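Common to both upcoming complexes is subunit A, partnered first by subunit B, then by subunit C.
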Partner chain A sequence: MSVRYIVQRTAIFVLVIVLAVTVNFAIPRLIPGDPVEQQLAQLSATSSGSMSIDITAMAQAYREKFGLDRPVIEQYFNYWRDILRFEFGYSLSNYPETVSNSISAALPWTLGLVGVSTFISFVIGSLLGGLLAWPRIPRVLRGFIPILMVISAVPYFLLGIILIYTLAIVGRAFPAGGAYTFGSTLRFDLQTIGDILRHAALPATSIIIAGIGSWALSMRGMMISVLGEDYIKLAQAKGLRERRIFLWYGMRNSMLPQLTTLALALGYVVSGAILVEVIFSYPGLGYKLYQAIQTKDYFVVQGIVLMLIIAIGFALYVMDLIYPLIDPRIQYERA
Partner chain B sequence: MSDLTLKVDNLHVHFPTPAGVVKAVNGVTFTLRQRERLGLVGESGSGKTTTALALMRLLAPPARIPHGSMILDGVDLLALSEEKMRQARFAEISMVPQGAMNSLNPVMRIRSQFVELFQAHGQFTSSSDIDARIASLLEQVGLNPSVAGMFPHELSGGMKQRVCIAMAVALRPKVIIADEPTSALDVVVQRQVMETLGRVQEALGATVILVGHDMGLMAQFVDRIGVMYAGRLVEVGPVRTIFRTPKHPYTQMLIASIPTLEQKKLFKGIPGVAPSLLNPPSGCPFHVRCDQRLEHCSRIVPDSIALSPDHWVACHLYPKEEHHDQPA
Partner chain C sequence: MATVSVTAPMTPILRLRRVVAGHPVLIVGIALMASIILFALLGSVIIPVQDAQVGAYLPRQVPGAERLLGTDSQGRDVLAVLVYSTPQTLLMGVIAGVVGIGIGTVLGLLAGFFGGWIDLVIRTLTDVFITIPGIAILIVIATNVRQMDVATMSLIVASLAWRFPARAIRAQTLSLRERGYIQIARLSGVSGLQLVFQEVLPNLLTYIAAAFVASVSQAILAIIGLEALGLGPQDEYTLGMMIYWAQFYGAILRGMWWWWLPPIIMIVLIFISLLLISAGMDAFVNTRLRKTE
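Coming up: the complex of A and B.
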């Protein structure tokens, strides 16, 4: 692997991060509405006038505390300084919780649920798609193709609602929401793990099923074009076993574009499957992001979006680095 | 010329389509002796490649072989189980592919593509032994043994085709089918590749079937030529005879259409187009374009008759009676 290639890719990755941080800084400040005043207005509404609150003075105090009274350019540099120290500030809606705390509490749930289900969905979907393109499979299996097309068009949150209704509310086989039984303490034992898996089953199923269709369809398309290649014909002529041709000629070559998509999908995992997490009230990043957007919690939104951008950038960076290893035709030097 | 190696008898290949059955190969009969080189020539769609693929039983579904037999050293390939046929491929009857550029798996090193071949045929012994075999095969086709460590995209078209030739002879097959092995290469490389193919074939004592439409290449390489038209073999004979005294009107027109350096006159093509294999013309399939057509040509399909023990033609111009009775 040439040093120049790695340096080049790393530079691009850093550039993406810099741009992302900048855009991330700018966008929430372009949204109309003042978060401090909004928060205080809510507060004064709930306290129903029993306390005498000087809204203007309080707003001023809060603005100073969060640094929102400074010139934009200064805010920008402060923002950079904080990010490099992994300080994303305080949550506006759950003050005094810090954004880093908030994110690190939610991240493992999302990585576990969405990351694992995305990967399972990818594996099953790609294998299924590859098989569906293979000429010598039972005709019955081909009936799957229209089913997959329908499934790939059904959004995963809709599947989630159906699953909740049938298996949680009517069937009572699985919990309807949450990541673990409410009030239980999380320890590293079999009971806790079982509880977590039971809670993850329905959201994971909806993500897996909803993903399989599109993975399978794109894999099937690739496989069909690969099967038309001359090297497949020669592999058959060589008398290779069918399994070998399927895996090492068909799947191996069709997989290349799929892996790029997988890298992107795994990058997106950080933002969680927002709607699935909301429906299942799963305490992941997606749910957190949803809440933060609703309460105009600038700093949390910024923190999560930044995480998302870094994760996607990082996934693509890693993909760039390993792609020449999985496809020898891509050369480090020329990229 | 010794024993018969391959005997193809009355081979038919049908492709069922929504519009009807396409008869791509329609009663092809020929035999091959050991070490012999047979050329199959004909227009696009005349069934040359389909015949070649049928010999390896590599026709993709829905193609069917409703009649015929293909006997290789006493074994009817059409009667073999799928697994036995798989084992026979490359071990008994191998192939040099048409598209040299894309015939190797782009993500595997050349060495691995040899190794999997030996493995598939239970001939994998030890790594060092296999490496030595690969090196000697590569040397045999004029390549440096270091090519084994390379990926296909690092090789030129000619080098890839040499790798394919080395693979085709790796298991010492009795028959090698070369389906337009040089169609993707320039003429200089073409010549080198054909010389390599000829050399390894002679070293091996194998039989070659060369499929193509390059008459110049045929003249230089093969011993006998079979001319195909509309899924039928219309004339088979020694290469000199075919070039000097072609008998079938189609062969005559084919030979007349080859441009030469001496002749300055406008060279002649063959009028008309190849017939539809879905609704072939009645009688002799060539009668529509034939300039020596007889009255019954459009009604009766001509049988193949021997003009000499080695020269067969399927045409009504040559009366049946005084000739031999079995195609040779």
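Coming up: the complex of A and C.
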């Protein structure tokens, strides 16, 4: 792998983080008005007096946080220092909980739900797409292609709403929201795991189904061009078994470009998943973000947004570095 | 006389008919979009805007002969809200798409045509912005805006809508740059910018049109996402806000399907029509490319 390629990719990754931090720093300051007063006014308007205990302490914490009396450059460097220590400040609505704490409480739920269901969706979708490109499948299956196109046009969370209504409200087969039965203690036993899976079933299904369409369509495109290659003809001429040609000559070679699609779609998947969590009140990052927006809990919003950008930027960076190693066909210096 | 009609078969109508026959996907997509727009236009003529306001009718009415799609828990007529929301959502998508494709085209043309450090800067910028999940930046901007309306919403989403067009048009320009007629124009002394806008740009128009449809679709998706998170224009009628209010007032848990299902169906129809139009346009552009090669 050339040094130039690594330097280039690293530069992009660093720039992504610089940009994200700078935008997060600059935007609240570009909008006129004192943020502390804004936040406190909002808060006293939304809460019914119960918050009055700590309001002076909070104001102090915010002024310190913003450091509004100091020069902008100094504020900017202080901001960086806090970010690098993963200190995103305090939550407004759950003071004195820190933003980092509230993120780390929500993160496992999101990773579990979104990670597993995206993986399942990707595998099923890719297999389906590969099969749809295979010339010797029954004609009936081709009828799936327009259906997949329609499904790929439905945003994840809209599918979620329909699933809640049909399977949770009318059907009563699954819980309509949450990640576990309210008030139950989380222990590592079969009953708890079953409860968690039952709650995850509907949000996971909406991510899986809504994703399958686009994975299948892009895999089908990839597979069609692979099947036109000479080595497929050779494999057929040699008399290899169909299944072997399909899996080892077709699927295997289409899978790598499909992985690039996965990396590029990561941002799309995550934003879709955020909204699915909102619809299902699933206690992950997306729902936390929604609650923070509703309560104008600005530091939590900022913390979650920064974390999302850094996580996705890092994932793409790693992907960029690994990719030339697993697929020697691509050139390091991309035009 | 007879020979004339034989040798001149390509009247505009005939040509159109041929295009229609050759591109069913494109035509179905356009027809679907036309019917959505027609629905909104006719609806807004027939249904007065007062029906879409809070307290217009008794709340929580099930769909019936009188109120075709029932009413929501604020007494708004759901059909009326749908009729007034659809064009607003389309409008936001189109504004964001136009701004995005405009900026993206200029950046892509400059980067692809001039190369060198201009290309390096624009390409790096595009790569960096593409890596960032759009919704993250949009959320930061939208949470800081005090007064949200349809125009502001469109511009916020437009601020990121240039990324994919810029990348795609740069690639196209790179391949066009080395074509013979561009070389000839360059040799005959046409200056840089003039060359870009007079020779390169017109040859990319069909391609830009296809990219435009794709960015409208992405913009609408982003807008609906922001609205569902509660960052949308609270005092205006849009499809995303319909879903937000339905969710906010617990319409899903209460089983008031007539409140959230119509906007969902309308959104899906819009996405399908845009998908068909852009798929159809891709095919159209590709057949043209195949013919010229």
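As a convention for this text, the second predicted complex is superposed on the first by the 267 of 335 C-alpha atoms of A that agree within 3 Å, B and C clash if a C-alpha of one lies under 4 Å from a C-alpha of the other, contacts with A are read in each partner's own complex, and residues count from 1 in each chain.
Please note the rule applied: contacts are C-beta pairs under 8 Å (C-beta built on N, C-alpha and C of every residue); 3 or more make two chains touch, one makes a residue touch a chain.
Keep in mind that this is a model prediction, so the values were computed, not measured.
Undergrad: Mind working out whether A:Ile279 is in touch with subunit B, subunit C, both or neither, as first, second, both or neither?
TA: The second partner, subunit C, only.
Undergrad: Which partner chains sit in contact with A:Pro257 here, subunit B, subunit C, both or neither? Use first/second/both/neither.
TA: neither
Undergrad: Looking at the overlay, does A:Pro108 come into contact with subunit B only (first), subunit C only (second), both, or neither?
TA: A:Pro108 contacts neither subunit B nor subunit C.
Undergrad: If we overlay the two complexes on their shared chain A, which of subunit B and subunit C does A:Ile169 touch? Say first, second, both or neither.
TA: In the superposition, A:Ile169 touches subunit C alone.
Undergrad: Can A:Met149 be said to touch subunit B (first), subunit C (second), both, or neither?
TA: A:Met149 sits against subunit C, while subunit B stays out of touch.
Undergrad: When the two structures are overlaid on chain A, which partner does A:Gly239 contact: first (subunit B), second (subunit C), both, or neither?
TA: Only subunit B is touched by A:Gly239; subunit C is not.
Undergrad: Please name the chain, subunit B or subunit C, that touches the greater number of residues in subunit A.
TA: Result: the larger residue contact count on subunit A belongs to C.
Undergrad: When the two structures are overlaid on chain A, which partner does A:Gly221 contact: first (subunit B), second (subunit C), both, or neither?
TA: A:Gly221 sits against neither subunit B nor subunit C.
Undergrad: So in the superposed three-chain picture, is A:Val23 touching just subunit B, just subunit C, both, or none of them (first/second/both/neither)?
TA: In the superposition, A:Val23 contacts subunit C only.
Undergrad: So in the complex, the part of subunit A that touches subunit B is made up of which residues?
TA: 135-136, 229-231, 233-241, 244, 248-249, 252-253, 256, 326-329
Undergrad: Provide the residue numbers of subunit C that touch subunit A in the complex, in ascending order.
TA: It comes out as residues 124, 127-129, 131-137, 139-141, 143-146, 171, 174, 221, 224-225, 228-231, 243, 247, 252-253, 255, 257, 260-261, 264, 267-268, 271-272, 275.
Undergrad: Could you pull out which subunit A residues touch subunit C in their complex?
TA: Contact set of subunit A toward subunit C: 11-13, 15-16, 19-20, 23-24, 27-28, 31, 33, 149-150, 152-155, 157-158, 161-162, 164-165, 169-170, 176, 266-268, 270-271, 274-275, 278-279, 289-290, 293-294, 296, 298, 301-302, 305, 308-309, 312-313, 316, 335.
Undergrad: Which positions of subunit B touch subunit A when the two form their complex?
TA: Listed in rising order, the residues of subunit B that touch subunit A are 56, 58, 60-61, 86-91, 94-95, 97-99, 101-108, 116-117, 120-121, 151, 153, 164, 167.
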